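Order of writing sets the labels: A, B, C and D. Residues in every chain begin at 1.
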Amino acid sequence: MKIGILTAGGDCPGLNAAIRGVGKAAVLTYGMDVYGISSGFLGMIELEYRSLSELDLSGILTLGGTILGTSREKPFKDQSYGEYIRSKPDIILDNYKKLGLDCLVCIGGNGTMKTASKLSDYGLNIIGIPKTIDNDVWGTELSFGFDSAMMVATEALDRIHTTANSHKRIMVIEVMGHHAGWLALYSGIAGGGDLILIPEIPYDESVMCDYLTERNRQGKPYSIVVVAEGIDFPKKKKKKKSAANYIAKMIQEETGMPTRETILGYIQRGGSPTAADRILATRFGAQAADFASRGEFGVMVALHDQHVEAVPLSEVAGKLKLVPGDLPLLRKARALGTCFGDTLST
Amino acid sequence: MKIGILTAGGDCPGLNAAIRGVGKAAVLTYGMDVYGISSGFLGMIELEYRSLSELDLSGILTLGGTILGTSREKPFKDQSYGEYIRSKPDIILDNYKKLGLDCLVCIGGNGTMKTASKLSDYGLNIIGIPKTIDNDVWGTELSFGFDSAMMVATEALDRIHTTANSHKRIMVIEVMGHHAGWLALYSGIAGGGDLILIPEIPYDESVMCDYLTERNRQGKPYSIVVVAEGIDFPKKKKKKKSAANYIAKMIQEETGMPTRETILGYIQRGGSPTAADRILATRFGAQAADFASRGEFGVMVALHDQHVEAVPLSEVAGKLKLVPGDLPLLRKARALGTCFGDTLST
Amino acid sequence: MKIGILTAGGDCPGLNAAIRGVGKAAVLTYGMDVYGISSGFLGMIELEYRSLSELDLSGILTLGGTILGTSREKPFKDQSYGEYIRSKPDIILDNYKKLGLDCLVCIGGNGTMKTASKLSDYGLNIIGIPKTIDNDVWGTELSFGFDSAMMVATEALDRIHTTANSHKRIMVIEVMGHHAGWLALYSGIAGGGDLILIPEIPYDESVMCDYLTERNRQGKPYSIVVVAEGIDFPKKKKKKKSAANYIAKMIQEETGMPTRETILGYIQRGGSPTAADRILATRFGAQAADFASRGEFGVMVALHDQHVEAVPLSEVAGKLKLVPGDLPLLRKARALGTCFGDTLST
Amino acid sequence: MKIGILTAGGDCPGLNAAIRGVGKAAVLTYGMDVYGISSGFLGMIELEYRSLSELDLSGILTLGGTILGTSREKPFKDQSYGEYIRSKPDIILDNYKKLGLDCLVCIGGNGTMKTASKLSDYGLNIIGIPKTIDNDVWGTELSFGFDSAMMVATEALDRIHTTANSHKRIMVIEVMGHHAGWLALYSGIAGGGDLILIPEIPYDESVMCDYLTERNRQGKPYSIVVVAEGIDFPKKKKKKKSAANYIAKMIQEETGMPTRETILGYIQRGGSPTAADRILATRFGAQAADFASRGEFGVMVALHDQHVEAVPLSEVAGKLKLVPGDLPLLRKARALGTCFGDTLST
């Protein structure tokens, strides 16, 4: 049996652990031939790949990034490819056959699962593995990459605390998360954020400012505000400003308290994965090899009640897992005095 | 309503996060009076405590250890106390009344839950919160402290790898775990251990040595062996040797390959908790305050299928959660070539 | 003997280690009374202070920030203070006498040393201790805070590498340094930066772009560009852009290669100090107590050829230690292929 | 020009950074051919080596260990080699000629510099580069590896603090250092050790115990004792005990205070180097290439008053740089209340 592995979309910690998980189980347990496809779906179009032996898969467990490279290529979006007459999906199908693959394991986030689902419909044997620092892949309780990004963001918040305290300032920190606020919520709570803004909860500026002013009045000399990059703010200001910049300026203007902002940026998605992410990526990878061995295709590997299971790609594709308003952790954080900027915060 | 909080048994990362979680929710949401009891159950015997305001609970989220102190005092084991005629449990009950407590939150591991259960039978309103770097508290999928210890052990393994590789040696690393092998298993897999020995799986020395010799024969220049401190080894050697020392010597004698050992020791239980442990400790703590507010006593806060729930202390007490032989992760690790020293490894 | 200690200017790792060094040596070795002045020179104006016992100084060695607080108050710049008729320097002198101080230890960067020198001329017994993440205090080979900031920036670069490699991108990272490029230079070299831009070396955009294009031509799939925030770029673009943003856009436009930027921001100055910074801050602090005990005032504690010595504040004030063009490290980095964007780079 | 590079003795962080420094400068600046010799001097005996291109030297800056491997082979100690009639030094000289080397760069500690010096006398063109986590190489103010080991030991001490405080215990931590106490001294001070024992300062058990008892009497609930592995203790106990074990037992018996020990072990020498070590190793490496290019042989690269200079290998060989009794840092640490167990401590 021959299987291909690719990593697509933004990079995140644990990709190599997952590649190793699929590949080592495939080679050692099932005697499969394993091909690493380069640069996500682009490698399937341009037929760039290499054979992966067990040795190629050794020593990569701890490495950040992906040894296969990645790209944001979406073959179904703009289907034309250079001078070729055939569409990209057709080229991928041809190359899949040319390589003699029995299965293609696609490691990626929401966009990748969408493409994976369409390729499955197109006739390829596909298994998806969810990775994302945003934790917004639908159908799985957790994706690998999230714990590592949370750790980086939390350590950054720990550092910011000392500056906030020394200067008696309000510090606004922007973490990643275009649509889902998981990373802001979890790192915000783990990092002792006082006010946390996420895309799923509309905020009220007066609630926020009243909260911060009240803290000040109680003698708390500083506050930490964590904002997800994807929160909504006035459109005309979006061109030139980040969420953190908008919020920081607004707070300073409204409350008169000195405010500074910082944007964590790319450090959130790089580096060596945490132990928990290495374990999860390894579990997902080895499970994908299991699925492949017994011909279970068109599915995504998913975590459900502590178990790794299969979820049909068709159920996952096109959906986003957002922070629900009734998440128990939200209620608990409120109980401890954390503000989410909404009217429930009063 | 008045609640007391104590931390008992060995310290671990997240104790302060849990204390803060109980206390802040109790004060801010339920308006309770909160007392911090010093040095575990000893503080209940000697009546050492202090009132905890919200301010006392600020800024401790990230701190390792416990601001309350801890001890290994087991009031039901040796019940006599100094010259007093009354037994320790009686003294604790008296002091509980003297303090006017409505509830005592006991944060600890297996031993603490046992004592907590007996105090509950004795008439006190008890809520338990599970902490342990061993992850062996029965009745909960996870206890806080485990993720942090796993991270420390995994980072240590990462460091050991470079030495093993540079010197072409077999490195034997001993991690904590008297009865349960969770920490050795998880950090071993996350840290790329080749051979992992845990108390739950009897090992065969010839299986181990054959495996290591075979790796060497395949041109793999080094191997990482992770052992839990609690694995069995010949009794007469126990007085002077650690598990790591026994295994390292045995391997070197049997295989002739150069071998070195290292014992991680106390660094596994100290320091600032990981983000995941801070979240879990916070959830557990806030939930305990909820339970207290609605008079749900005699229970331990527990994680079950992602949810924080109540488990009767009577069900928890006296049991240990060990690594089951059919744990899916075990099978997955085997599939990737990890050896567990048992005959299944051949 | 009575001494006061204050921390002024931006916070940085090691401030508490230095406070502890001064204070413990003063109390334990010289039996002095020690006062901690709040919020930099503002505390001397508003007479906010507290007595510091040995116990107050215990357990702060590892803490980031400053337990005394800091401010950017410059008493000689805007000398008027509220409704008072006396100037701020007069108020400070009065309060110095009122407190009965024999010496005031001022921990800070360039601005602080300037103020300290003027206060010394004004008649106060002053001892300066240099701290700065920029390493630009004149008269000392090293200031504490620099090693910690370098470590944070280097770890961030390590993380950025994996993303750059996975996506085959040029990543532009901005580190702190308004006037001096020490931090960009050292973290750039330690973090494997390919192109490093610092304020002291004028860059040529065509040199930079040729270099990056040539790297690409040689098959190196990505490049890391480290820029100090203080590099010069076209004035009209300054209002809305950061240095990193300008450089990233320019590179992408000129070379056509995909480019992303990230600004490290405040995480560079927060958090626990490195071991080296703890040692240096401790040495500086203890030395300041020595100087005080023997009446050596009007000086800054400084590192020179591994020794801690005294440099007259009058020699330090108003100067900046910049990266010299003939720094051996520059030549060495060039020898390894690092580009500094200047015409020597060709 | 052809140069060989080898790494010998125990591994330490920064070896790869040094290899890269030598190699990149040699290839890019001087157009030399570079050979990597495997496993220290063993590779010169068995003629195991490979050519190193610039590409081979990319991406290794941050890696712990050594890509060349190392060994403890001492060719002048036991000169016979298998069935060969020629001595090992003769074989090395032959292979040096066979490879056509113009220079051999030897990266290592004291033992390596001794061998390097003898090989230089034997007629080879040798340049030494000092590495050691012990910082005991004579003739240089600093060797790379020390800062990284200090950081690991200091972080371990930070973790131990929380356990010591929670349990009110005396914790005894053993760090590396057979002859020199630099690592124990520096990490002890950086990690807030109360009592520090190093091989250079004979300790008095009653001084130590009085000090610890006095701390306890003053209400300080715990103490941290840092011991170098090489301190002297009664010979008959050495077979079965470590320094930490001996000291911990002795303290507990003499003072009655609960005491625990931990031995840091191999984690001190593995892992990615600190930023400072990467810089130092890079400087040393590039300087060695400079020396080679201008025919400056028989020397060791050394740090002296911030500059990288050449020191004759003949001056370095056979000496050890120990902690001098009049080291200013010792006096400063005493001023802050640190005890060194000697009679000066009273």
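Heads up, the rule we're going with is that contacts are C-beta pairs under 8 Å (C-beta built on N, C-alpha and C of every residue); 3 or more make two chains touch, one makes a residue touch a chain.
All figures in this text were calculated on a predicted structure; none of them were measured in a lab.
With every chain reduced to the mean of its CA atoms, the largest distance from chain C is reached by B. Computed centre separation for the pair chain B/chain D is 35 angstrom, with centres defined by C-alpha atoms. Per-chain CA centroids place chain A at a distance of 41 Å from chain D. Rounded to whole angstrom units, the spacing between the C-alpha centres of chain A and chain B is 30.
For chain A, the set of residues that touch two or more other chains comprises 158, 161.
Per the contact rule defined earlier, chains pair up in contact as A-B, A-C, B-D, C-D. Note for the complex: chain C touches chain D at residues 20-21, 24-25, 28-29, 54, 58-59, 61-62, 141, 147, 150-151, 153-154, 158, 161, 186-187, 189-192, 220, 272, 274-276, 278-279, 282-283, 286-287, 289-290, 305-308, 328-329, 332-337.
The part of chain C that touches chain A in the complex is made up of residues 7, 10-11, 13, 15, 39, 63-66, 69-71, 152, 155-156, 158-163, 165-168, 171, 221, 240, 260, 262-267, 269-271.
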